[in-house]
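The two complexes that follow have subunit A in common; it is paired with subunit B in the first and with subunit C in the second.
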Partner chain A sequence: MSFLDFARGPALNVAMAVFVLGVVWRLVALFAMPWADDRSVPREGAPGRVRGAVGTMVRHLWTPREFGMTSRFAIVNGYIFHIGLAVIVFGFVQHILFIRGLIGLSWPGLPTGVITLVSVVTLASLIAALVHRRTSPVLRLISTLNDYVTWIVTALPVLTGLAAVAHIGAPYQTLLAIHMLSVAALLIWFPFGKLMHAFLVFVTRAETGAFYARRGVKI
Partner chain B sequence: MTEQRKIDVDAAMRTFTAQTEEHVIAYAQACLRCGQCADACLFYRTSGDPRHTPAYKLVPIQKAYRAAHSPLKWLGLAPKLTEEDLTGWEDLIFDTCTMCGRCTEVCPMGIDIASIIGQARKAWVAAGLGPEDLLAAADTSRDRGSPLGLTPDKLVERVEWLEDDDETEMPIDKEKAEVLLTVSSIEAMKYPESLAAMAKILNHAGVDWTFSTKGYESTNFGYLAGKPDVAKVMVERLVAGAEACGAKIVVIPECGHAYGVFRWSAANILGRELPFEVLHITEYIARLKRAGKLKLKPYDTPFTYHDPCQVSRRGGAAADARYILEGFATKFQEMTPTAEMNWCCGGGGGVQAMGRAAELRNKAFRIKLDQIEATHTKTLISACANCRLTMDESTKYWHWDGELASIVEVIADHLIEEEDA
Partner chain C sequence: MRREEKIGETLAARGISRRALLKYTAYLAGLMALPPMAGRAMAEALADQPRQSVIWLSFQECTGCTESLTRSFSPSIQDLIFELISLDYHETLMAASGQAAEEAMAAAMARNSGKYLLVVDGSVSTADGGVYSTNAGKANLDTLKAVAANAAAVVSVGTCAAFGGIPMANPNPTGATGVDTIVTGKPVVNISGCPPIPEAIAGTIAHFVTYGRLPALDHLNRPQAIFGDTIHDRCYRRPFYDKGLFAKTFDDEGARNGWCLYEVGCKGPVTYNACATLKWNGGVSFPIQSGHGCLGCSEPGFWDRGSFYKPLSASVMGNNALLAGAAILGAGAGGATALMARSRRDAAISAAASAYREGGGTTGAPAGDTPGKETTK
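Let's look at the complex of A and B:
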């Protein structure tokens, strides 16, 4: 079995199994906890739980204007690398082919040049996030190993993907194998680190939205 | 002193594991450590100390839940909550969090840190920690009826004195009444005119109401001090007072946290729905105004309004205060930001009662003062006696030459009585 065969075969398969089972385990373990039964009477005319949940999910897509510019960098930079990652994963033709192999669905891809540009911007944005984390006294204090491991497993697939497309540093097949292994690392880390926020964001925003909606507050 | 107290880490862990409701765990797990909450917190904004970042306050709580639930515990590799975690974070859980909820507004994950801090305080207290003056206030509430020693006899005495002084009827222990009016001992002991003002408004509107010696103290220092047994006793007393007179409505006076606890948590503390409606005094006055029961002379003093966090941001009643002021207060200037986005006065969450927290709390009030000064008004009105007490102290700290007032007192002073008309 070649290095590439190992990477795209057993390595990715195991990683995907860990990802799926890990995410399911995390969510089941969370939802199996006792749920708070709020016996307070909701404010008259308050929106229901679902409306409150959806409203907060939407409102928290951006910081309220009352908070001024203080948090704009984190928000804007966060959007840049999140959107960048989405474009890379779902817009690159080779990725679409891979997804089609997995679930049978496909869609038109973006030109490789566009994906390369987006990858460079995404990588720059991730580096900016890391620099911010290391230079801000607040972020330096609150950061944990989880944050840095998460950064590494997120940045590596972008970096190795760029190297593979550009054929830099090693034969293409080796670069591709390394790229796939970096994706495998991301998938394995996902359920155990803070990448789980991709799922938890819907849970926490919704619960806070419902909690405050009961009180008649749009938060 | 904290160092001399015996710290029971196991008791703290037992308390954490006893409150593993899904939303608390989700909140504890979801933090991205993005640090955006720092700038939303009045204590961080004042001190610039990264320790005051709301997300940082969650660290031992997250550790405790990991210790209890992480699969790593089966391998003996899960982190363990330590004595240092508890002592090192004590000031962050108590002194520098008013549970104002402002950090939730800016959190991209929507984590309600105030809820977690409220829960976490119980664990610190179970471990034998917590500010002694706050804990003493809770114990005094349980033993003497109120944190400031307002016993039933003292209440009667004070009400009789106010009744004479203000020439307004203030019934106590009526057999039957539509409305039970409660008090905050801060008002009763420091701003007693506020009690008479509430009575005047209710009498003006023809409300059938009473005080009750069975249940009168609306502040709940048991809740703020992380003492659930005291919190329950205080709630039960108010319920007993309301049930004794068959009240359909319990009115909470000008006290933000009293409203927050009784309106939104009392039923959960008791484990049953309350058999009456709970309204903050501003909500009730707004209701009287809507029903056409208030006749008011215009109030022409330029002023600004401070939203108590537990009434507005965490209570949902910001609009009622504005409705009361509409068409009555001719020179009302809103602060920026205001209502649900308002800055806390610095004394909520029991911080007002913690002597050791006074220095930073007073400094933090500079934020509020800047807001007030930007309105170019010299009168600051609120609807919370705890905020008023905090602002009273902090305005003196900053040598502010303006005037503090209560919305209830202002309204009572501007009622058009029949003899005026």
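Let's look at the complex of A and C:
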């Protein structure tokens, strides 16, 4: 079995199985947990749970006014690499073919040149995020191994994908195999690290928003 | 002792001019990525040498490799290879048969011991002592070992001889394998392809006849001059790949426009061969130009790499059952985790309630909770 065959076959399949198992495990465990009733008396004029949840989600789409410029970079840079990653994953024809192989759905892709440009910007944005994390005293203090591993497994597929498209450093089949293995690493880490926020970010924001809205607090 | 006829004399006797030989060697020199003057040097060296003795053994094969060489757009420049070599044994092409054929091989081996070139097409059966493929009562495995022992070099022609090919495909009942897993301690060159490009065979043999050594090889022992680039890198449809323009099926608008065949399973990006530049049938066409994706036939294990029509970026192996199983396991684990959390919480509430009762109502239960009453949202 060649390196590429291993990556395309056993490695990706095991990684996808771990991804599905882990994500379902965490979601089922979370939603089936016993939740205590909120017995606090709602503040007079407080919005309902849904309004509170939606309001918080919308407000968190941009920097809170009170924070001024302090978190502006993190927000803007976050948008750049999140949108970049989405364009790469869902806009590159080869990725669409991968998804079609899994779930049967496909859509038109973008030219390779556009994806390459987006990938370079995304990688630069990810590097900027890492530099910001290391240079900001507060961020550095609260960063854990989870943050760095999450950064590595996110940045590696972008880097290896760029190398594979540009045929840099090794034969294409080796680069493609390395790229697929980096994606496999991302899938395996996904449910157990901070990447799980892709599923939970709006769940947690909604719950937090509803909780505080009941107490008359807008966050 | 019989005087060996020089190649130059043979060509002259057959009415082939020096100019024709120069054209041929210039072509081969170009093909093998040799310097421009190598063509002249090759012609001069060849003309003064006896014809190279070649013993050609066919094992588990379909004769496509021989067909590729002998039926190449005839009459063509490739035919000249047969003027440069003395094909002393080739079961398909030789006039002799039976005992006479075997004696011809034995005589050639004795006459040119240590100097003859062994060409093999077809994979070697190794299971059960190689009994699944025999010739003249001898297993191919034994014949190969015996003939290779005194060969100057071995040329594995075609993917079957080079890497096992189709006979080696899963479940490989005959224990088929490539020649270089059997023959060790000898120079072995693999000219893979199903079939291989005839110019690659002719060029490699001519290189050996001229220089007495094999050309530069890649990590799979293939001539770098032929197998140095991927089909994809030299494909005339490559600009469509770069623009993201792909045929979705073999009869859609994209296919009619000649767009890239990546989506319909072309293996050109991971296949090293010269099909896109040398082409076939006298340079007329090659599979991609004819509208079908590359199968990757010059690469090891091409038959077992999943569907020919599945894109390279798609995962192989049927994984629906695996993913469904993972989802069920995940749901089970999640449910168990939640149950354990409930159980721990119930135990904590019970303990708090007991403490509350024992303390005469002075020990507080956990804030916000009423002992014994729990709801789930």
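Just so we're on the same page, the second predicted complex is superposed on the first by the 213 of 219 C-alpha atoms of A that agree within 3 Å, B and C clash if a C-alpha of one lies under 4 Å from a C-alpha of the other, contacts with A are read in each partner's own complex, and residues count from 1 in each chain.
Keep in mind that, in the parts below, a residue touches a chain if its C-beta (ideal position, glycine included) is under 8 Å from a C-beta of that chain, and two chains touch if they have at least 3 such contacts.
What you see is a predicted model; the values in this text were computed from it and never measured.
Novice: Scan A:9 for contacts with subunit B and subunit C and give back first, second, both or neither.
Specialist: Second partner only, subunit C.
Novice: Kindly classify A:163 by the partners it touches after superposition: subunit B alone (first), subunit C alone (second), both, or neither?
Specialist: Neither subunit B nor subunit C is touched by A:163.
Novice: Which holds for A:152: it touches subunit B only (first), subunit C only (second), both, or neither?
Specialist: In the superposition, A:152 touches no partner, neither subunit B nor subunit C.
Novice: Which partner does A:89 contact after superposing on A: first (subunit B), second (subunit C), both, neither?
Specialist: neither
Novice: Would you check which partner chain A:60 touches, where first means subunit B only, second means subunit C only, and both and neither mean what they say?
Specialist: A:60: touches subunit B, not subunit C.
Novice: In the overlay, answer first, second, both or neither for which of subunit B and subunit C A:35 touches.
Specialist: both
Novice: For A:71, select first, second, both or neither according to whether it touches subunit B, subunit C, the two together, or no partner.
Specialist: A:71 sits against subunit B, while subunit C stays out of touch.
Novice: Which partner does A:121 contact after superposing on A: first (subunit B), second (subunit C), both, neither?
Specialist: So A:121 meets neither subunit B nor subunit C here.
Novice: A:185 contacts which: subunit B (first), subunit C (second), both, neither?
Specialist: So A:185 meets neither subunit B nor subunit C here.
Novice: Under the contact definition given at the top, report the residues of subunit A touching subunit B in one complex and subunit C in the other.
Specialist: Subunit A residues touching both partners: 29-30, 33-40.
Novice: Can you check the complex and tell me which residues of subunit B touch subunit A?
Specialist: Residues of subunit B touching subunit A: 20-23, 25-27, 29-30, 32-36, 38-40, 44, 50-51, 53, 55-56, 59, 69, 104-112, 115, 263-268, 270-274, 277-278, 313-317, 336-337, 340-341.
Novice: Per the contact definition, I'd like the list of subunit C residues that touch subunit A in the complex.
Specialist: 230, 232-233, 241-244, 246, 262-263, 269-270, 300-301, 304-306, 310-317, 319, 322-323, 325-327, 329-331, 333-335, 337-339, 341-342, 345, 368-369, 374-377
Novice: Where on subunit A is subunit C touching in the complex?
Specialist: 1-2, 4-5, 8-10, 12-13, 16-30, 32-40, 93-95, 97-98, 100-102, 109-114, 167, 171-173, 176
Novice: If we count contacts the way the header does, which residues on subunit A are in touch with subunit B in the complex?
Specialist: 29-31, 33-41, 43, 46, 56-57, 60, 63-64, 66-67, 70-71, 74-75, 78, 136-144, 147, 194, 196-197, 200-201, 203-205, 207-209, 211-212, 215-219
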